[in-house]
Amino acid sequence: MSTSKFRGVIPPVVVPDTPDGALDVASYERSLNRMIEAGVDGLFVLGSSGEVVFSTDERREQVIRESVRIIDGRVPVLAGIIDTETERVIEQGKRAQALGVDALVATVPFYALGGPVEHEEHFRILHDELELPIFAYDIPVCVHAKLGWKLLAKLGAEGVLAGVKDSSGDDIGFRYLCQENERLGHPMSVLTGHEIVVDGAYLSGADGSVPGLANVEPEGYVRMWKAAQEGDWATVKAEQDRLNEISHIFDVTSGLTGYAGGVGAFKTALWLMGIFDSNQMPRPVKAMEGENVEAIAQVLRANGLL
Amino acid sequence: MSTSKFRGVIPPVVVPDTPDGALDVASYERSLNRMIEAGVDGLFVLGSSGEVVFSTDERREQVIRESVRIIDGRVPVLAGIIDTETERVIEQGKRAQALGVDALVATVPFYALGGPVEHEEHFRILHDELELPIFAYDIPVCVHAKLGWKLLAKLGAEGVLAGVKDSSGDDIGFRYLCQENERLGHPMSVLTGHEIVVDGAYLSGADGSVPGLANVEPEGYVRMWKAAQEGDWATVKAEQDRLNEISHIFDVTSGLTGYAGGVGAFKTALWLMGIFDSNQMPRPVKAMEGENVEAIAQVLRANGLL
Amino acid sequence: MSTSKFRGVIPPVVVPDTPDGALDVASYERSLNRMIEAGVDGLFVLGSSGEVVFSTDERREQVIRESVRIIDGRVPVLAGIIDTETERVIEQGKRAQALGVDALVATVPFYALGGPVEHEEHFRILHDELELPIFAYDIPVCVHAKLGWKLLAKLGAEGVLAGVKDSSGDDIGFRYLCQENERLGHPMSVLTGHEIVVDGAYLSGADGSVPGLANVEPEGYVRMWKAAQEGDWATVKAEQDRLNEISHIFDVTSGLTGYAGGVGAFKTALWLMGIFDSNQMPRPVKAMEGENVEAIAQVLRANGLL
Amino acid sequence: MSTSKFRGVIPPVVVPDTPDGALDVASYERSLNRMIEAGVDGLFVLGSSGEVVFSTDERREQVIRESVRIIDGRVPVLAGIIDTETERVIEQGKRAQALGVDALVATVPFYALGGPVEHEEHFRILHDELELPIFAYDIPVCVHAKLGWKLLAKLGAEGVLAGVKDSSGDDIGFRYLCQENERLGHPMSVLTGHEIVVDGAYLSGADGSVPGLANVEPEGYVRMWKAAQEGDWATVKAEQDRLNEISHIFDVTSGLTGYAGGVGAFKTALWLMGIFDSNQMPRPVKAMEGENVEAIAQVLRANGLL
């Protein structure tokens, strides 16, 4: 079992915006404190759900600075350093580590096409140029490349990677990765980003989860992790079943694509629940309105969250 | 027919690096001058072939500054302002236009998922926030979304877009776009990036081409454009046939993926031809070596370029 | 230039159904005769547009038998022998050649995953087991594999393939294939299936076209081919422009996916034009109704076909 | 919980061929008996691993006839009725049910493009035209369409579908499907085809599994199912861990694509273990040789199977 401090429930933090696109610090503080008080084990800022690619460098620095101030050492902070290619990622990494986070989360390069040779070289360079532990962020839906479990395990065993945040949707690769990581002495913390099947990932041997839905309902994920630690799989499944009912905020809306429907559902729920002051989205994405808002409200009501 | 100043042969400029990763200004000057002397009608800097996503903001500024200095008004300069989402693209655009380029080339957002609603809003915001003419860069292989010809034509007719640089590989959409653009009074300059089928694109009604291979052999593309202007289609085809023989530098190498094989072939050819001082690639991509270099040399020799 | 008898305009024949799903022989005869009288150079039956995969073996035999009877040697008949894997394709091929067609058109295997090794072996086996000339049908949208031009050219040079029917949407691969086929002495007849960009394909060196839209408007494609033979590229382009206006029958409907919108548009147009007695589609596809029919009628009217 | 007789471990049966491509009945009988004696709960013949798309109609009938004869009622028999479109699938279904199987397994149409409207209509027609219970076979890697869990659940609730065989690799959709099926009173038997993550699928609520690897090692899957029934999740995971070590027969070979490497690994293992008389593959696929065979032998030896 991992002795990493990066284990358990580590939500990817959703970011509230003011109507003119600035960071809504008061709402942000409310949301972070709520998750910490619910017992989460860490927080992942500037992830895909955290508007990282929508944020200018200045905005990214503000998000990290405010996060570090608010969290104040209560839980570890992981920061996404997402950018197109190695030199740019290094710059993001240097800025993030200067601001006091605990670990860095990087994808493989995107936009320009590459393959496993470039992926491996990329992580090796990041490891050489940066000080903090590095998590590989495996998210093919965004970067259009899948990291193979054999490469990840090798980089873990050599100390290049401290962990993996898996948002690949490939439960088979994830299963092999957990098993190989164990065989190698468990050098990495392997985290699942698939909030709907965290139960299966825990049974597979995951060291924790990075569930976006924990922004909306952190307690359930905290209880699920505790039950998994105790081997109480019936409770693990029951908690997942209940969380999945809430997750229908993703599929009751219509006319929305990608980010607008996904992160838009989180923001709209947090706004309806009084945690965010608005459901403002970053440009060029529009905030949900009308029937879509009502559809989300109904899911929240049906699950006792409104 | 378009009266745009952005027509004809507008190569996407390949960038030489020194062994320690800096911009090799002397080689760069040699290559730009060579293309201008061959008669190209414009130059597109910081395109996908121009290492835009590999370049830090500082490096991007250096590339633009040196390009503007070297080109010195002899032909129009288009600059890529490629970044993940709208606010970041605006920043790239403001920096580029402050440095004296003539037009800006922007893709749709990438990494985060969006759809036509976000694409349209994105270009409208860029048009509002930036001063220079904007070209839509349609390159699904990099951004994983295809711009529909109906949306492009609409944005052209409304003055939001000054043109399209098509690297989509969708010759049907391109054909419809040219035809619709003509029907609307030809508001846009429609350029093809598909260096292998420029002949078909010209017959389709394209206003010009953006051929990476023109870094290696600009004269052929210049002759092809002149022949197309004169309706001499037999010559257009013959020039394309000849250029395609040179283009086999893309398919005679082995063991390379994406950028390493594509832009790597350009750099290796330019190095072998004495225009670049090395075939250095940007991190994490490795430069071609050994048999791959020899395979490219053979293609160049067979076509009289060595 | 090819001396093949399989050159020029060879429409993929759309098949009319009666309301209870039988072959509507009278409508079929009307449509075939109309295309032959317009001057087409061949007919391709049981292609993707010809309901081949919707048809039982008995129905396929009926379609071929009626086609051979109606066409009666006036033009060559190519028959699709589409099935999942080699042994099944051989069976389809043996049945087709027993019924008197002139050439066979086969895709690579589909459903089960394979690669270039299996593709090459597949065509070699077909060539060994069947008597008639074999065309490779390159249609990745249906079989989810793209045939490389190097493999096709090799199989052509060895006499395994008599030609290629390209519906790949890859104009670059097509350009290389035409050029390589020429270099090898033109062993194959290379036909394009992309009805919207036949002009570019002819300039690329195609030996003919297989345009579904020629079911609706054969004369335009016949004139375009003649103009191409005479090197009159302005007329080639003008004919393509005009045909493309008619092709908007594909994009004025809504709520339809794939076959329902594509072949459905052909059938609805032919029905509105009085050539087919209905626009019946094969199960499980529904025929167009209401506003979609009206939208197609408007396109036909605007182009003088109604 | 399901009261269906189609639950538990139902291996998709791998088929042995003689060197000249005939069904090797003696080997087949050996393999089926071995699985039944190990305690499997059903057998799925003519699945994707069972060479269904490689088999002529005559061969399919032979496989079903021999299967029914050998199995002789000891466990239920499900038969794949895989073909391109509805009318052809109906024909396959009628032939199969005439031969005495217990249920039919059908994919959505493939080759021609369709969408959810066609998928729903397809299953409704199959239900109307056939007598036996129908399982939807969700296998996007082969048919290039994913069945949505909402549609599947609806068809289950209406009695159109008796179950689902999920080979989609979408553990999230599977999780939702199991949960919705439960909410609707468990009308369907929901089976996972993902042999590597059966543990997670059982925790998700699956009614059973269809693991190809059970051809090689049936006992492990039988023990895993029993442990799951008893809620002994530690044993479930441990059995899966052990089976996954054997599953490396998939990833120790090189130079093979798709079927050649996947089903080829099963056949080679069964041949090395003395159950099959050869590792012959169906045309155009080649059997494994040399180092690949040795690599598989090593995995088997390391896991005590040789």
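Order of writing sets the chain letters: A, B, C and D. Residues in each chain are counted from 1.
To be clear about the criterion, a residue touches a chain if its C-beta (ideal position, glycine included) is under 8 Å from a C-beta of that chain, and two chains touch if they have at least 3 such contacts.
Only a predicted model underlies this, so the values are computations on that prediction, with no experimental measurement involved.
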Required minimum of steps from subunit A to subunit C, each step between chains that touch: 2
Whole-Å gap separating subunit A and subunit D, where each centre is the average of the chain's CA atoms: 35
Two or more partner chains touched - positions in subunit B: none
Overall pattern in which the protein chains touch one another (line/ring/star/complete/other): ring
Chains grouped in pairs wherever the two touch, ordered by label: A-B, A-D, B-C, C-D
Parts of subunit C lying in touch with subunit B, wherever the complex brings them together: 150, 169-172, 175-176, 179, 194, 196-197, 199-201, 203-205, 231, 233-234, 236-237, 240-241, 244, 251
Interface residues, subunit B side, partner subunit A - complex: 21, 48, 53-56, 59, 82-88, 91, 109-118, 121-122, 125, 141-144, 257-260, 262, 282-286
